[in-house]
Amino acid sequence: MPGSSYGEIFKVTTWGESHGKALGAVIDGCPAGIPITEEHIQKFMDRRKPGASRYATKRAEADKIEIYSGVFESLTTGCPIMMAVKNEDHISANYDNIKSVYRPAHADYGFSKKFGIRDYRGGGRSSGRETLCRVAAGAVAVKALEQLGIKILTYTKSIGGIFVSEENFDEAQINKNELYMPDDNAYKKATSYLDGVISRGDSAGGIIECVIKGVKPGIGQPVFDKLDACISHAVFSIGAVKGVEFGAGMASASMNASKFNDGFYADEDKNIRKRTNNSGGITGGLSDGADIVFRAAVKPTPSISLAQQTADTLSNNVTVNITGRHDPVIVPRAVVVVEAMAAIALLDMILISLPSKAENLKRAYENL
Amino acid sequence: MPGSSYGEIFKVTTWGESHGKALGAVIDGCPAGIPITEEHIQKFMDRRKPGASRYATKRAEADKIEIYSGVFESLTTGCPIMMAVKNEDHISANYDNIKSVYRPAHADYGFSKKFGIRDYRGGGRSSGRETLCRVAAGAVAVKALEQLGIKILTYTKSIGGIFVSEENFDEAQINKNELYMPDDNAYKKATSYLDGVISRGDSAGGIIECVIKGVKPGIGQPVFDKLDACISHAVFSIGAVKGVEFGAGMASASMNASKFNDGFYADEDKNIRKRTNNSGGITGGLSDGADIVFRAAVKPTPSISLAQQTADTLSNNVTVNITGRHDPVIVPRAVVVVEAMAAIALLDMILISLPSKAENLKRAYENL
Amino acid sequence: MPGSSYGEIFKVTTWGESHGKALGAVIDGCPAGIPITEEHIQKFMDRRKPGASRYATKRAEADKIEIYSGVFESLTTGCPIMMAVKNEDHISANYDNIKSVYRPAHADYGFSKKFGIRDYRGGGRSSGRETLCRVAAGAVAVKALEQLGIKILTYTKSIGGIFVSEENFDEAQINKNELYMPDDNAYKKATSYLDGVISRGDSAGGIIECVIKGVKPGIGQPVFDKLDACISHAVFSIGAVKGVEFGAGMASASMNASKFNDGFYADEDKNIRKRTNNSGGITGGLSDGADIVFRAAVKPTPSISLAQQTADTLSNNVTVNITGRHDPVIVPRAVVVVEAMAAIALLDMILISLPSKAENLKRAYENL
Amino acid sequence: MPGSSYGEIFKVTTWGESHGKALGAVIDGCPAGIPITEEHIQKFMDRRKPGASRYATKRAEADKIEIYSGVFESLTTGCPIMMAVKNEDHISANYDNIKSVYRPAHADYGFSKKFGIRDYRGGGRSSGRETLCRVAAGAVAVKALEQLGIKILTYTKSIGGIFVSEENFDEAQINKNELYMPDDNAYKKATSYLDGVISRGDSAGGIIECVIKGVKPGIGQPVFDKLDACISHAVFSIGAVKGVEFGAGMASASMNASKFNDGFYADEDKNIRKRTNNSGGITGGLSDGADIVFRAAVKPTPSISLAQQTADTLSNNVTVNITGRHDPVIVPRAVVVVEAMAAIALLDMILISLPSKAENLKRAYENL
């Protein structure tokens, strides 16, 4: 509840500041017997690593993950998995000019009011660097979900106003371009748009889409812990997210039920399926057997080199120029963060949903 | 975690089915000494009462709230407040024809798969009737927030595609029309739109906007329990919500930081304020002193009288005609539900945020 | 966390005051498909009912339990089960003389300091009457545990200093005497002792022992949520309990490991068993396959008719005579309360412990 | 809930195995502005360090604590405090002979059944070495409590059957002998007793007493989260504890209320005090203003060099000789562990208890 933990059974706790000794995550409640190696985690880390493209901060960090506990002979043991990354390239001097300034669109002001004290170096705890812990934990969750036949596909849906088109959608493109856009045409437009943004010293935002395949119906809890409510909590906890929508999303407000409602049908094998997926795979808060589909709107990176009017901690009106190394667009690096949070939230919900029926409880107890 | 509780300190637990004996809510953790009467709660109940207009179900329920515990001599005692409404007008026979059918866009299928057994009468636990418990609890939260100088304004932003315009916005209109729209012109267009929807046997959706005034900066918890993450969890837990956005919302994805970033300034009294409010009052997950502004997209009411293709519990493909009494648009009655969930989530967060500084802890302990 | 809920998956929330309209419990997270009727619950209620013997308060309450939700066609639905008892025989006038007095060994002083306001009628929320809600919830937990082959035996181990002897232990006696003592000889001594206590206007305490049979090894969570830690939390939450011990208990402090350690052995069917049970069935915080055995020390009933020196809310030193109807010994009525709390704590722990291994998770997910 | 976290607001999560790379703790929710240094924490670590006396294991570990996050310029920042100790002296070879044996009175069997896989080296996660994380977190809690004027005194009450006497009690002795006994006479008897135990290759247990001074009345939550219930949860979570009692404890079961009940009185300054303290400072689950006094019974160290009959993982009956370095008595090193858990549980409860009254909430909100 103090905020640095997520999940009830698969519980992730993160710690660390942008310019401290290290950052890390503890996963408590991961089932025993899941194969995990540092190499597997590292692949996810590399997807959000800084310095990977001209659209990302130049901060040169290896972000090498180390596992400290909870894995024995390459298998999870059921005990807390602690993973950490040491900070290397932290030039604290860079940040002295903003020590006493409330940077626009950053958490500086809120943190100061809340705690009275603030590790201002690189944003401290509120730095986007904190998300690397989520990615490490998410990599474990993805592995556990894979064992259940669940796969997650996450990509950039738009940058600026440039959207991936449905007709050009090509999954194979996602990992071929540094914007993670599944549409080569949109990718090219976006790079050209971003070049303009960079040259102006400004920044851009975008939309990330996540598709989860293979979730059985009935996952989620009635009333307050609906599956979409929990996923939205997890995704909105990523600093830059300003909107989350499932399936038809905000547009559903303008539709009629005759169009929106996803009718069920029984296929030739008598399996229940849906004709459409306006629900985004979640109906009444429970998974409905269709792909779970949601989108997150990511605001433009707050740190820009353009001069900005703001106030300082002594209530002076000042102009701030943020000179550090920053991402002109955070969206591509945030793709894996959204995927991680979706995986963590879903796995936790599946674990919570297991003992819903007496017959399943009985069977599970006998198999203990 | 089983889903029928929300909140950590101001903890609301709801119970009851659409056609059971009663529905109710238990609030545990409400501070002692807050003035509460059944009359106060009833005013909120009446805002979501069925049968109030031609745009709402004809089910004739008084929805009279009774307080069973936790209030003594019209003050809260700090002990659990149990409030309940007895069900009166429940004609179970109405529902026999849908007992074994998975109604499109309803939770029937998920509940069946999850629990194996289902109280099918009127949707049972997954009925929209469950939200009356949230409203009762929300009325208490609103009262507590008022004592802190916090006020919440909630209204219909759009119905179908018809939006309240910014220039015509008139707060005084909200309670003057049964659609709770703060724009008389939009209201008239919406009623005419809805009349068409009703005549076709269809239903409509809309967008609800909520503005919270008077929240001090620093409310919310870093990382996973950001204020927006928690509010979105609370609001997405309302069955019909398909999207939630704060401030500039989904549109922020197309903006540049030079436009999006809300610069701070010190006013003549040296108070820190923001020049704009694209953040919707929450920056980096903490309140930033500006009004909290969010919107929720509500899908069209799932139950419609038009014939729909779907499947039944024996995997037959069937046509279903839903003949019960249903709302052609749920948005106006959901306005107070959104307000209730926002109040509950915010109050809980304020209570959680209190002991953030050692000096405040010391002072609070001395005053115990 | 505000205190009126227990459990993470099988979550029990209670509400109500001694002299309010009613008291009740909400169980959220009970698996669906467990057969429950009011008759089953009532049997447990009757074991703690007042007025049943000369050693219990004369308050004449039927304590009739009613189920309001979560049970459909005599089966649990997986949704919240609300059960309540209406208060009938509450003569508030009886309590006016103690309205402003801090009764010794009661919670009056703490409640006043904590909340500033207090429903003083019959102890309000801190009345022993609150435990009827635990018994109702415990009756459901016992039913669920039975389905797993787990049985709980609870009885009075001592009253005053009079102990049930091991050689005379006779399980059949437990329900044959109103003190629930499994030793006819000890029972007779205890009644004679209690008659003396009553004639002096004083009260007595005792020890309750609980034996749980059929728990498979491995239940409980490592480190902080050890099975004994959770059971002790649950049992210490009963107002009058001043000590809890497992197996050899406090006496283990004087033993050597060569005597204390329970060696394992493989029986002829290659099942692992223990030679002794000094651990009380819990080793290293996890069930070890042997019977779980614990004892709770119950202090003498605080309300006595003897004059007592104390203080009032205005800091006057006063003499108080408590004239209401009170139990000269609470132990026999508390036997079923201890059983209820043990059942609730154990069932919750079993539900939590289910997804400990990847192979079990996979199997459970496939069977969802 | 997976077990490696304790606390709701002051939330401690521990990780690490006896023979892994390191062990550590994350504290989330510590108020900002509390002065903390590694030196302060180290003093507590040294109280449980192995190798300090002939009554403790010879394992030579410096147990040097390092702070990784959450402290900035020697003050807590309100963000997670991660502290860790690297393992140095872990000779895994020592443990190969017990890899497949269920050691009596250890958690081996339960862990194997629960998780299927087990880091057997030195007990892995279930090693007593895990408690060093609790001590580090407890040292922070003690510092925070000191700021509120609360002090904790913890010592050895008995070893084997040898008890500290009330008349010889001398607080100054506690830190003068390696058994932490506040009675020089009892200390001498205990050493002579322990020498005999050691020479036989056996081990001993004992009782630890904890006294907490300066707790204001009203701390704790009604019903399930009574202060004693939470402290007992915390203390029973220490592996070797088999019994916990408050005030008169188990003995209260044989007392009459006329003797047990602690009458209140108003002193000359009109402060409310108690004449006696049989309650151990907690009445009805809330602190009553008197010293909080509780005792924990610690079983004899399970590992002994005497041959023991037990079973192995293949269900063979075997004899085990545990040859590693082990404590002949764990009690002295456990004193600081009990103190740490008491401090953590109490601080968490104080933080939870803050917003109990509307007037305090209002004042605290204004001071935010």
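Think of it as A, B, C and D in the order they're written, each chain with its own count starting at 1.
In this text, a contact is a pair of C-beta atoms (placed from the backbone, for glycine too) under 8 Å apart; a residue touches a chain by one contact, two chains touch by 3 or more.
Values in this document were obtained by computation on a predicted structure and should not be read as measured data.
Farthest from chain D in terms of Cα centroid separation is B. For the interfaces A-D and B-D, the C-beta contact count is higher for A-D.
Mean C-alpha position of chain C lies 26 Å from that of chain D. Averaged C-alpha coordinates give centres for chain B and chain D that are 44 Å from one another.
With centres defined as mean CA coordinates, chain D is found 38 Å away from chain A. Shared interface positions of chain A, i.e. residues touching 2 or more other chains, are given as 1-5, 8-9, 14, 32-33, 78-79, 113-116, 125, 216, 218-219, 222, 352-353, 356-357, 359, 368. Those residues of chain D that touch chain B in the shared complex are 1, 8-9, 31-34, 76, 78-79, 144, 147-148, 216, 218-219, 222, 350-365, 367-368.
Residue ranges on chain D touching chain C, taken from their complex, read 1-6, 8, 14, 102, 104-116, 125-126, 130, 158, 160-161, 197, 200, 202-207, 216-226, 228-230, 232-234, 236-237, 239, 241-258, 260-266, 270-272, 275, 279-280, 283-289, 297-304, 306, 308-311, 315-317, 352-353, 356-357, 359.
Taken in their complex, chain A has these residues touching chain D: 1-5, 8-11, 13-17, 20-24, 26, 28-29, 32-33, 66, 68-70, 72-73, 75, 77-82, 84, 113-119, 124-125, 368.
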